[in-house]
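This is the structure, below, for whatever I ask next.
Each chain gets a letter, A, B, C and D, in the order it is written, and its residues are counted from 1.
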Amino acid sequence: MATTPLEMPAEDRDLGFGTRVLQRTDARFLNRDGSFNVVRENQSFLRSLNLYHEMLNAPLWVFYAVIFSTYVLVNLLFAAAYLLCGPGALHGSTAVTPGERYLEAFFFSVQTLATIGYGRLSPEGSAANSLVAIEALVGLLGVAFATGLSFARFSRPLAHILYSERAVIAPYRGITGFMFRIINERRNQLIEVKARVTLSRMVNENGRRIRKFEPLSLERSTVLFFPLHWTLVHPIDEKSPLYGATAEGLREAKAEFMILLTGTDETFSQTVHSRSSYLAEEVTVGARFKDMLVERGDGRPRVDMRRFHELESV
Amino acid sequence: MATTPLEMPAEDRDLGFGTRVLQRTDARFLNRDGSFNVVRENQSFLRSLNLYHEMLNAPLWVFYAVIFSTYVLVNLLFAAAYLLCGPGALHGSTAVTPGERYLEAFFFSVQTLATIGYGRLSPEGSAANSLVAIEALVGLLGVAFATGLSFARFSRPLAHILYSERAVIAPYRGITGFMFRIINERRNQLIEVKARVTLSRMVNENGRRIRKFEPLSLERSTVLFFPLHWTLVHPIDEKSPLYGATAEGLREAKAEFMILLTGTDETFSQTVHSRSSYLAEEVTVGARFKDMLVERGDGRPRVDMRRFHELESV
Amino acid sequence: MATTPLEMPAEDRDLGFGTRVLQRTDARFLNRDGSFNVVRENQSFLRSLNLYHEMLNAPLWVFYAVIFSTYVLVNLLFAAAYLLCGPGALHGSTAVTPGERYLEAFFFSVQTLATIGYGRLSPEGSAANSLVAIEALVGLLGVAFATGLSFARFSRPLAHILYSERAVIAPYRGITGFMFRIINERRNQLIEVKARVTLSRMVNENGRRIRKFEPLSLERSTVLFFPLHWTLVHPIDEKSPLYGATAEGLREAKAEFMILLTGTDETFSQTVHSRSSYLAEEVTVGARFKDMLVERGDGRPRVDMRRFHELESV
Amino acid sequence: MATTPLEMPAEDRDLGFGTRVLQRTDARFLNRDGSFNVVRENQSFLRSLNLYHEMLNAPLWVFYAVIFSTYVLVNLLFAAAYLLCGPGALHGSTAVTPGERYLEAFFFSVQTLATIGYGRLSPEGSAANSLVAIEALVGLLGVAFATGLSFARFSRPLAHILYSERAVIAPYRGITGFMFRIINERRNQLIEVKARVTLSRMVNENGRRIRKFEPLSLERSTVLFFPLHWTLVHPIDEKSPLYGATAEGLREAKAEFMILLTGTDETFSQTVHSRSSYLAEEVTVGARFKDMLVERGDGRPRVDMRRFHELESV
């Protein structure tokens, strides 16, 4: 689709942001969960806020708590408005004390907002009837908004890619390779999955210690289907930035392996993305991933999910 | 879009999963209906579960059965809750026995959840009224969820590609060709349809019998429009992995022809996918597909759908 | 995105369907409105039917007529069901004759399906109450379905591209060119618009008269923005299949110029498509399109839409 | 995706519209907000109108004002219809004067359209009951339409890219460069962002002063991630159309730098677009953008948003 860092001239290969800013920091840039470890200060809160996006990305309990609170609040407000219409506004009212009257108005508001309308309580006079007209519209628009939001939340294509807890550097076809393993946690099929790995580390250039970004070529960077696990391998040959690197050297260089996966979620036919990263401390040298194949004698390919994170020494 | 196996170095051409796992099995990998014949053992049920995706992919009767059951269950629960509010909670109640009272509460719950509110029964007291407020919100969110789900189910772009029952190996332009035929079963137009075919078979390499994956080049791999049927042809020339292959040889090698189609559904302007495969047993050698053209003298191209699967000897 | 016919070897360039079928017909293949002039006989009606797609593509009045009829029909059925529950099923009933009772049941059904529930009529007994529970669910699911359908109908990305009534062959940069003009009828912006033109005509090959498909190269096949009209030009140089062609020759060869446009609708950020074609009879030789620029002295680019189809002799 | 102007032969590089029209105007073509400064005269209003698109792109207050007005209007119309059914059409009516009766009918209509149905007022007779049936359906379809519209409005992928107020021409790696700065105003992540910049200016060609469009190559035209700001640089080397240009020369040539950004909004996994432009008057020569990095000693990359537009002399 777009030009990747791999295709850019060497000196321009970076990940797309003020190089000057990142070159002077040695903190992790990409967190394990794919979020960016950067801070924007003095950003206008209101301009950056998009209520809809916030509601989409909020945890499920926050999502429902916000909806519930809004529902209660709107009814509290309309209840107060009905009280302001005077004592005769609610026909069928039996409440006596102000507290009882507010509670009664609240429940009448619920029956109106939700368009139940039992009828034991009903609006009397133009003021209360006009409020009902407004509240009914608010209710309909609220349902419209909640419906759209629910749909958007649940139908968003999400790649639930599980990354192996650790990456390894292990023997590979006569040389060594940097490897990690991924699997699709969900049952939906991902197809045409593409992986890109970038090594970020501190180097000394012209006497200054700056952070450098280099792409790592993969033995295979795209797969058509992804029904099982996939072990990604960067062969550490002479052209690799990792050639001759040691565990200590990587830690000292604050090395970070950043991963971007893109693929197509077959359920919604939409492109999905997944990001993660490994710090040098999360790479084991001299180990490989355990074989996940289970032999049952029926010839069907079977993999044991429990072995996904497991390593064995080499 | 993405690098295809065709563009990869030969030894890395596979379909994207633990090569080690698949190389040691001789079972079918891709079923005729496009699903994968692989098993994941010990996968966390909850982590793999996505209620929304399950509901999207469930058969229609399961979809409606789940909705109906949930509707009944929610009403049963709220009915019990109304009973717990005490005998006076439902104003207008005429029920006497506990069974009658539960049934009455159930129907009151229906009238509330669905926001009908006839009013012959209405809530009395704070407890019942609060339950009504909660049930009304549950009802609205339930409708929101069901609406989103219905929309997602029906608007998903689906390619209903029909594959000919059998593939054939038949004379083609002086040599022979591996051929199969596809057609769009639905009336929606598919455009820019692209096909990729991979041959998977067991071979002896370095004394071990392993499964090997090789792409088959097509006489034509993309079509702009797809209003009629399309016969895909892999010419079996000297460069083809099928060169010199016999029916017996293919069966003995557990050969499987795997097909991935991608295209754009014009109705929703979204990319759609279709997969299928032919085992060696599903390939007829020495037959070709019957011509589907019908001559009516009006000059319009007409095809007879009944001949779609039909073969004739050559 | 995908390999286009332009990039295929010459003998394989076609539009993606049984070449044998089309080579033997001299009828128009692509209609002016972009639909295909092909007939599928003996297609299973049920398999090809997709109610949802039909409702999406139906004219607006058919769409609403189907919804209205379904609404009436469902209420007629439920009304009959309420009558079957016996005379006491509708509390508050005042109807006497069977006709009156059916009408009353019909209106009660409306009040239930739409979840109005005035309460003057209300269900009595388990049978009628159970029917209400079912009808309420049917109503909710019906609203869900209609909501999804409305949304899908209105939010589908549609390219309303207007094609000039006639194409022309006119002098162009020292040679001649085949030209036609397009404009976006709607106010939404289309970006990255790509055009592909294919010439289809009958030729004599090896003594047989068959239909041949050839791509026509364009002076410019892609534009980034499309805020005004766009005149597409195929330069008729020595490499052009139209080199030396005459109006009579094109008509005799049943020539058809088929056009496929793809672009991105900015409103929905989705890919849109448009197809059309010109028969030889719809091409004017020796005319060019009138300049649409209007000079108002304010320096702003202004085009006069009325001149869009207008030609002038050269 | 599509062939860009950069890849086209030089003489055909333009932005996709009647070159003749634009070559003769020296007005700004692309406004700062990304809209096009062109006028279509005599366009059929109805053909260009798409109510749905208008409602999608209207400001929020217009959107809600249209919905509110429609709601009131529909109720006014149905109220009149109920009055036409005669004095006994509304059971429970207490109104006496015509004004009171119309108001009462209006509020009854609200209770019906919104499917509240308190029941104090209820329809009497076939005429009023039939109106109720129709109004209920209108209400349901209205909710369906409003739900779809709300969802479409809020879920549209929008790139809120902020462009620096001014572009600069400043020293860059031994030569000078044309630079501007962008940032994502929202919290959603944009990935695989691609930029294309086109210079448009008046030149003298064959004695005529015409507008010419030329792409400007970028030091880096694509970034994988975009979590911070991004400074785009066009190096002004010998091959650049800006080579040797001065501030006065650019102003005299009515130069306009047009920018098209495309990227993927991760929240919806959809492609988003953003356009803007700088006139010669909006370019500062001899200034550069202030560093936005804030040092806090915790090693995390921090940028100060307030410095985004700030320049400093060089």
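To be clear about the criterion, a contact is a pair of C-beta atoms (placed from the backbone, for glycine too) under 8 Å apart; a residue touches a chain by one contact, two chains touch by 3 or more.
Keep in mind that what you see is a predicted model, and the values were worked out from it rather than measured.
Colleague: For chain C versus chain D, which are copies of one sequence, does the interface use mostly the same residue numbers on each side, meaning over half shared, or is it different?
Modeller: Answer different: the two copies use largely distinct residue numbers here.
Colleague: Going by C-alpha centroids, which chain is farthest from chain B? Tell me that one.
Modeller: D
Colleague: If you average the CA atoms of chain B and of chain D, how far apart do the two points sit, in angstrom?
Modeller: One centre to the other, that is 36 Å.
Colleague: Using mean C-alpha positions as chain centres, tell me how far chain A is from chain D in Å, no decimals.
Modeller: Each chain reduced to its C-alpha mean, chain A and chain D end up 26 Å apart.
Colleague: Residues of chain A that touch two or more other chains: which are they?
Modeller: In chain A, the residues touching two or more other chains are 1, 111, 115-119, 143, 147, 149, 151, 270.
Colleague: Please name which positions on chain A make contact with chain B in the complex.
Modeller: Interface residues on chain A, with respect to chain B: 1, 64, 67-68, 71, 75, 103, 107, 110-111, 113-120, 142-143, 146-147, 149-151, 154-155, 185-189, 191-194, 219-231, 264, 266-270, 291-294, 298-306.
Colleague: Which positions of chain D touch chain B when the two form their complex?
Modeller: Touch residues, chain D against chain B: 115-119, 147.
Colleague: Within the complex, which stretch of chain A touches chain D?
Modeller: For this pair, the touching residues of chain A are 1-5, 8, 12, 14-18, 20-22, 24-27, 29, 36-44, 47-50, 52-54, 56-57, 91, 111-112, 115-119, 121-123, 126, 129, 132-133, 136-137, 139-141, 143-145, 147-149, 151-152, 156-157, 196, 198, 260, 270-273, 275.
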